[in-house]
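To keep things simple, chains are lettered A, B, C, D, E and F as they appear, and every chain counts its residues starting from 1.
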Amino acid sequence: MGNKADLRGTAIGRFQPFHNGHLVLIKQILEDCSEALIVVGSAQLNYTMANPFTAGERVFMIHKALKDGGFDLSKILIIPLVDEENNAKWFSALASMLPPFNILYSGNHLVISLASQHLEVRPPRFERRKEFNGSYIRNRILNGQKWSDLVSRSVFEIINIIDGVNRVKTLAKYELERTKLYGS
Amino acid sequence: MGNKADLRGTAIGRFQPFHNGHLVLIKQILEDCSEALIVVGSAQLNYTMANPFTAGERVFMIHKALKDGGFDLSKILIIPLVDEENNAKWFSALASMLPPFNILYSGNHLVISLASQHLEVRPPRFERRKEFNGSYIRNRILNGQKWSDLVSRSVFEIINIIDGVNRVKTLAKYELERTKLYGS
Amino acid sequence: MGNKADLRGTAIGRFQPFHNGHLVLIKQILEDCSEALIVVGSAQLNYTMANPFTAGERVFMIHKALKDGGFDLSKILIIPLVDEENNAKWFSALASMLPPFNILYSGNHLVISLASQHLEVRPPRFERRKEFNGSYIRNRILNGQKWSDLVSRSVFEIINIIDGVNRVKTLAKYELERTKLYGS
Amino acid sequence: MGNKADLRGTAIGRFQPFHNGHLVLIKQILEDCSEALIVVGSAQLNYTMANPFTAGERVFMIHKALKDGGFDLSKILIIPLVDEENNAKWFSALASMLPPFNILYSGNHLVISLASQHLEVRPPRFERRKEFNGSYIRNRILNGQKWSDLVSRSVFEIINIIDGVNRVKTLAKYELERTKLYGS
Amino acid sequence: MGNKADLRGTAIGRFQPFHNGHLVLIKQILEDCSEALIVVGSAQLNYTMANPFTAGERVFMIHKALKDGGFDLSKILIIPLVDEENNAKWFSALASMLPPFNILYSGNHLVISLASQHLEVRPPRFERRKEFNGSYIRNRILNGQKWSDLVSRSVFEIINIIDGVNRVKTLAKYELERTKLYGS
Amino acid sequence: MGNKADLRGTAIGRFQPFHNGHLVLIKQILEDCSEALIVVGSAQLNYTMANPFTAGERVFMIHKALKDGGFDLSKILIIPLVDEENNAKWFSALASMLPPFNILYSGNHLVISLASQHLEVRPPRFERRKEFNGSYIRNRILNGQKWSDLVSRSVFEIINIIDGVNRVKTLAKYELERTKLYGS
C-alpha cells in the first residue's frame, strides 16, 4: 500500500445518527490513511423518519463526537453531499466535492458497483452491526428504549439540544397518518 | 389576537379534490382573519392516483366552490406551490410565494414542526374527518360509490366536465398494472 | 367571440412591480372575458436587480391594487409560475397551473410563438409604454426619481412597507460590485 | 391512413432490457409507417433493480438487435428521454426531443391519457406478454433461469459483455439490504 | 489503432443548424471508426436566438441530411443530451446516454479538458470554418442573406417546413426587446 | 457578545482560489468565536473562467492552507454549498447544511440583505482588497504574472499539482471562442 501519509480514505453514510459503528470505521481509515473524508449523504433530506436530522446537524454530531473522542481533526474533513438520481453520474458527483482520495470504505453493494472501476473499495470493519445501525437506533429513540450507549455522549447531547427525540416521534406520527407534507 | 383586519391566515392542502371539510376550514380562517391564503400543494403532481387533478384544475375547483358558496373572494388568494424535497427549506419556499401572513392552519405534524418556529400554527376545525377526506373521496369515485354529497356542487360539476371520474379509473388501472409511465 | 361569460383570459408578466399599464391590461381582459387569470412569471426569482420582489410580494401588490381599484376579485385569479428552461414545454407548464382559458393577452414575440398554436393570442392594449414599464420604474426607484404616479397607491405603499426602495438600491450596489452571491 | 411514406410512429419503453416483444412492436410500426422512433424512457435511471441498464446500454442493445435482425436502420431513430414529474408536461417534453410524428403505439393507460388529445394512440401488437416482459426477464436473470430465448442474440451478448447478470444480482442484494445508496 | 470495426467515435454539437462542416466531421469519423455517435447537445434549449430549433428538430435535420447524403445509417446513432451545470459530472452524464465509445472528436477546449482523461480526443477535420458555422448561418438566416449552400438540401427543406426562418426572425425581435419570456 | 466559546461564525466565499485575504478573515472569526464554518459557495460550478476549481479542490486548498498555516483545525469546518436560484430560500438552504451558528461574516450586500433578518452579519476585516481578490488572482494566473505571494504556499502547490495554471489558460481560450460547451 506504500506510505500511509500518501493516502486519503473516504467513508460515506447518511449518519442518521452518527453512531459507535461509524466511530470504528473512522478509526480504521485513520489507521490505513493519513486523512479521512467523511461524506454525509442524502444531505438534502431531513425531517423524515429515515432522515430526521439535517445535514448540518449531522455534521455537527460527527464533528463534536470526533473532537470529544480525541480524534485529530486536522486529518478529517466532513462533507455533505446531495443525492444524484442518475447512478452512473454518482461517482463523479462525489469526486467533484472532495479532495483527491485513494480508497473508499464501503460494504454497500451499489457503492462498490459504482466506485470499484475508479479506485479501491475496501470493506469497512464493522462491529455489532445489529445495534450500531441507524435504523435500529431511530427505532429505539421512537419507542423510548435506551439508545445512549450506541452513540457518543456528544451525539446524545446534541440530539437532546435540538429536541431530536420529540422530532423523531413527531415524524413517526406524521408518517403514520400517511398524509405526506399536506393533509388530504 | 388584536384586530382581525390585521391578520392573514394560510391553509395548505393538496385538494385532491377540494371537499366540504376544506370549506369548513376556509370559514374558520375568515372568522379569525381578514384574508385567507389557500395553498395548493404538490402543484407539480397530476395524473397519479393520489394526485389525479392538475394544480390548475384544483385552483378552478376551489375558486368556483367558494364563489358559488357565497364567499367574499376579495379576501381570498389561491396559490399553487411545488414540492421542496429539503424540508428545512420548505417554510421559506412557502413564504416566498405568499403575501405576508400571520397564522398557519394545520394539524399536520410535519407542517407544525417546520412552521411553528416561524409563526403561530393553529389547529383546523375539521368535521367528519373520515368522509371529508381526499383519499376516501377518490376511492368512492374509483368504486362508483356516491361522493357528490362530500364536495360542493361546483366541484362535482368541474370533475364531470374534465371527465375526472374516468381519469381516476384509468389511473387506477395504470397503477395496478404497475407499469410506471412506460410499459416494460 | 361569443358570450363573454364563457371566456377566461390570461395575462403574463413578471410584475416587477405591478404598474398602471398592467391595470389597463386587466381592464381590457375583463371587458372581453368573464374571468382574468394573472400569471406572475419568474416566480422563483427575487432579490435581483431585474426581479427585486418575491412572487408573494408581487401577488400582494396585484391583489391590493385591484381590490383598492374597485375590481371584482371574484373574477380574478393571481397565480405564480416558475420558469421552464425548455421553451417547447412552457405552454403545457403554464396550462397545468391554470383553470382552462381561452385567450392569452401578450405582445411578447416569444409568448406568441409558443402559445399561438394552442389558442388565440390577443395584443394587449398598452398605454404610455415608455413610462408604464417595469425596468423604467425600477430605475426611477434606484435613482430617487418620482415613480409614485406610475403605480397604484397600494403598490406604492406595499413597496414602502417592505422597504423596497432600499432593497432596490442595495441590489444595485451588489450587482455593481459584480460579486455574485459570494465575494471573491 | 393515407400514404405510409408520410407517417412516423413512436414506441416508448424503458427497455430493461429490449426483448422479443419489443421487436414485434417495431415490426408493427414499420408496417404502418415509413419511420419508427424508439424512445428509451427513464433515461436518467440505471443501476437499480427495475432499471439495471444505463440509457446508453439500452440504446446499444436496441441498435444492435435491430441491425443484426435485418431491420432497415435508415428508418429508425433511438432517442433517450429523461422523466418529467409533472405528467401534464410530459407530452410536450417528449415532442421536444423527437422529429414530428403521427402515431404513438402504446397500451399504457397513462400514456394514452396524456397523448390521445394530441395524436392517434394505437394499441401495440404484443405477443406472449407474460414472457416478453422486462420484469419477468430481470427476475429470470436474477434467479439463474434461462432467458436467452426471450431476447435477441445481440441483447444477450451485450448483457454478457457488460457483466449485466452480475449487475442484476448485485443490485438485488443491495435492495434486499434496503440500505439505499448509503449504509446506515 | 487496430481494427476500425472495433471503434466507435463520438461527435458533439448543438447543431443549430446541422451544416456542411458537420457532414465533413461525420465522414471523418466513419473513415476512422465502424460507428458514429452524434450527440445533440443543449437538448433542453430551443426557441432562443442561439438555439432556435428543438432537439427533435435537430435530430430530424441530421437524420434526413445523412439519409439523403447516402450515409449508411446502420452505423450512426443520433442522441440528444441535456446540459449538466457541474462540468466535472459532464463526461459521466454523456457516457450514461451512449453505447461504449473510444474516440471523441472535438476541438473544443473545454470538451478536451473534461474528456481527455477518459479517452482519446481527436481534432475534427473542419473546412471553411468561418462559413460552416452555426452562428454565421443563423445570422444569414436572420438578415435574409443566402445560406442554402451552407447546409444540406434536406436541412434547408426542414427549416422551411417548420417555418424556421420566421422563427429566427421572431426570436431576434424578442431578444432585441430584451423582455425575457415575459414583458415588464 | 458573551463568551467566545459559545459562538460559531460563518464565512462564505467561492474561494476561486483561497487567498491571503481569506486567511485574514478566518483569523478574525477565530478571534471572535470558538469555531469557524467556511462555506464553499457555488459548489456545483467548476471548469469555468470564474470558477476554475471544483468544490473538492477548493476544500483541499483551504484545508491544507489552514493546516500548514498552523490553524487549529478542530475549530474549523469546511462545507461545500450548491447555489439556490430563489434567493428568498437561500438562508434556509445554507442553514440546513451547517451546525447552528451565530454570526455571518460578509460585506456582500445581497448576503447582508438575506441574512440580517436571521442573525448578526458582521463586516469582514479585509486587507489589500485589490490584490487579495479571486478575480485579480485568476487574471494574473492567466497572464503569466506572479501570483504566488497572494496565496498560501499550500494553495500554490495544489494549483500546480492539479495543473491549474494550464486549466485557467485553457478555459480562457474556450470562453474566448465563445463556443459554450459545444462548438457551433
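Methods note: a contact is a pair of C-beta atoms (placed from the backbone, for glycine too) under 8 Å apart; a residue touches a chain by one contact, two chains touch by 3 or more.
Values in this document were obtained by computation on a predicted structure and should not be read as measured data.
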item	value
Neighbouring chains common to subunit A and subunit E, by label	D, F
Chain pair, A-B or C-D, that carries the greater number of C-beta contacts	A-B
Computed distance of Cα centres, subunit F from subunit D, in Å	45
Computed distance of Cα centres, subunit F from subunit E, in Å	36
Residues of subunit D whose C-beta touches two or more other chains	44, 46, 54, 86, 88, 95-96
Chain pairs in mutual contact under the definition given at the outset	A-B, A-D, A-E, A-F, B-C, B-D, B-F, C-D, C-E, C-F, D-E, E-F
Subunit C - residues contacting subunit B, complex	43-44, 46, 54-57, 59-60, 63, 67, 73-74, 77-80, 82, 95-100
In the complex with subunit F, residue positions of subunit E that touch it	12-14, 16, 41-42, 83, 85-88, 90, 106-114, 133-135
Complex contacts: residues of subunit C adjacent to subunit F	44-48, 54, 167, 170-171, 173-174, 177, 179-184
Subunit D partner contacts - residues on subunit C that touch it in the complex	84, 86, 88-89, 91-93, 95-96
